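Two complexes are shown next, each including chain A; its partner changes from chain B in the first to chain C in the second.
Let's turn to the complex of A and B:
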């Protein structure tokens, strides 16, 4: 499973964090992932209504060779979006869920940091900036880059 | 020996998760412990008493008046409350977030109080005069044990810190309220603190609508 991008959106669907793992194309491709994140918002809302008792939302859409998966946090609607290259072999939902849970855990650790000014209680759109969080996401990208 | 919990751990710079939970070793250093499974989730009361005394002194140097002091402590408490909410929901692993008034109050009384103070809040009451006021009572808030209020400031309640935490959690549960704390000594309990929550009008209207639509 090749991880291409991880994005975190807040409740108002503003991207709060975006990280792409394509090392060859540079900044131009971020626009592609932002576009994907925005188009997935409606699908997220739809899925949330359909199955309100599940954090993992499953496959949201596929565009070309990219598949987009979604995940909602239980504390009020922060969303995590993951884009992977469509794999040759079948990807188990459990593997995707595991990656989401690791991102969730890293996010919780980040929010608990009292020195981090990111405050989502009022829906403000601060950006997530933290060396350790970036390190975890980079590690995830490295592990799932085959 | 009284003990405390994650509120202090959050006051210090909180460490992060190791990527693979299964192989992380038990670390004796507080900052490197896994936040999902706290092995030693108690902080000595002495350490925290020192911290909160310093917080109060820091706030007092920057404000003029008791109201401002309580507001500042409440603001600091709110920062703790937001993080406490995220952490509690993560630990509970439930998907459902409380949005009704009564469930939110029960959540605060049990889960949050247990995580912060290692006990449940002593009572939850609804005020008889107005139906949008609720009171959470803590007979002896451990974190305020070593704070003594001078005679000229008897209207000041150091529980403003706790009321800030409660206010942030109520707001995260979509039930915004004005929260204040009052010291109401009873016999044998000189530190008895009552946290008064006055829910906003739109919350009470919503509750009425939901109640009506259920019947």
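Let's turn to the complex of A and C:
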């Protein structure tokens, strides 16, 4: 499973964090992932209503060779989107869920930092900036890049 | 190859936050009384620093003792002068000051305390939200506050929850933990008035927890007799 991008959107569907793992293509591909994130928002809303007690939302959509999975945090506001290249072998849901849980854990650790200015009550949200968070996400990208 | 340090860091993080639903055995623990001591100092410190920054100090000579700092966030103390609170008040360890009658001062302290509580509440909600369930109904979220958040902070649950099902919830705690060790010389009403600032922080916490679920609220607290206090939650916008 090759991880291509991890994005975190807040309650107003604004991306507060986007990290892509393509290192062989030039910059400017973030636009592609932002577009994917935006188009997935509607699907997220729909899935959230359909299964109100689940955090993992499953496969949201596939575009070309990219598959988009979604995950909603407990508090229901923040959403995490993961884009992977469509693999040849079947990807188990458990594996995807595990990556999402790790991102969730890293996110909680980030939010608990009292020096973190991230506060989406100010409308639109700040960007998430933290060395440890970035390191964990990089690690995930590296582990799942086969 | 992947950095072994980061891999174990991720694994530890996941285990520590028990997002997989298992109980984490390696939790670091802190003595619960530390929170009570911290809170009493917090209120005192904020009152004195607000007084200092707004109205200045009457004496010129200050000692250089560093100010006691608890978990008060850096932003709140950023405008406090970096000196001890001056000769007007006795050193902090000698206990409680009379609540100043300056209501403008207390209003500022209220804003600060409530904001601190708000930020704490948001983080508590993210960190301790039930791991496999999403809470969608406002009543469920309030129940979560009554049971889980109160259990985390005070090791007991709210005694009484009333609602009019139209956005007003009343939480009643008959033996509020932080009040158990307070008593006043002059009896009930004066002691209740002096205890007011200590429930502003839980107001903010409740508001923060509800806000992280997208429910905008106004939370008011009052106490009629010392170990008892009541929080009133009024929903102003819906998720």
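In this text, the second predicted complex is superposed on the first by the 140 of 146 C-alpha atoms of A that agree within 3 Å, B and C clash if a C-alpha of one lies under 4 Å from a C-alpha of the other, contacts with A are read in each partner's own complex, and residues count from 1 in each chain.
Heads up, the rule we're going with is that contacts are C-beta pairs under 8 Å (C-beta built on N, C-alpha and C of every residue); 3 or more make two chains touch, one makes a residue touch a chain.
The structure presented is a predicted model; accordingly, all values stated were derived computationally and were not measured.
Trainee: Identify the partner contact of A:142: answer first if only chain B is touched, second if only chain C is, both if each is, neither if none is.
Mentor: second
Trainee: I'd like to know which partner A:104 touches here: chain B for first, chain C for second, both or neither.
Mentor: Both: A:104 reaches chain B and chain C.
Trainee: Does chain B (first) or chain C (second) touch A:11, or do both, or does neither?
Mentor: second
Trainee: Between chain B (first) and chain C (second), which, if any, makes contact with A:114: first, second, both or neither?
Mentor: Both chain B and chain C are touched by A:114.
Trainee: For A:46, is the partner it touches chain B (first), chain C (second), both, or none of the two (neither)?
Mentor: After superposing on A, A:46 lies clear of both chain B and chain C.
Trainee: Which of the two partners, first being chain B and second being chain C, lies in contact with A:65: first, second, both, or neither?
Mentor: A:65 sits against neither chain B nor chain C.
Trainee: Going by the contact definition given at the top, which residues of chain A touch chain B in one complex and chain C in the other?
Mentor: 52-55, 74-76, 102, 104-106, 108-109, 111-112, 114-115, 119, 121, 132, 136, 139-140
Trainee: Spell out the part of chain B that touches chain A in their complex, as residue ranges.
Mentor: It is residues 10-17, 19, 21, 35-36, 78-80, 82-83, 85-87, 89-90, 94-97, 168, 171-172, 174 of chain B that touch chain A.
Trainee: Which of the residues in chain C come into contact with chain A in the complex?
Mentor: So the residues of chain C touching chain A come out as 2-3, 6-7, 9-10, 13-14, 17, 19-20, 71, 73-74, 119, 122-123, 125-127, 129-136, 211-214, 239.
Trainee: Under the stated contact criterion, what part of chain A meets chain C in this complex?
Mentor: Within the complex, chain A contacts chain C at residues 11, 52-55, 72-77, 101-102, 104-109, 111-112, 114-115, 119, 121, 132, 135-136, 138-140, 142-143.
Trainee: Touching chain B in the complex: which residues of chain A?
Mentor: Touch residues, chain A against chain B: 52-55, 74-76, 102, 104-106, 108-115, 119-121, 132-133, 136, 139-140.
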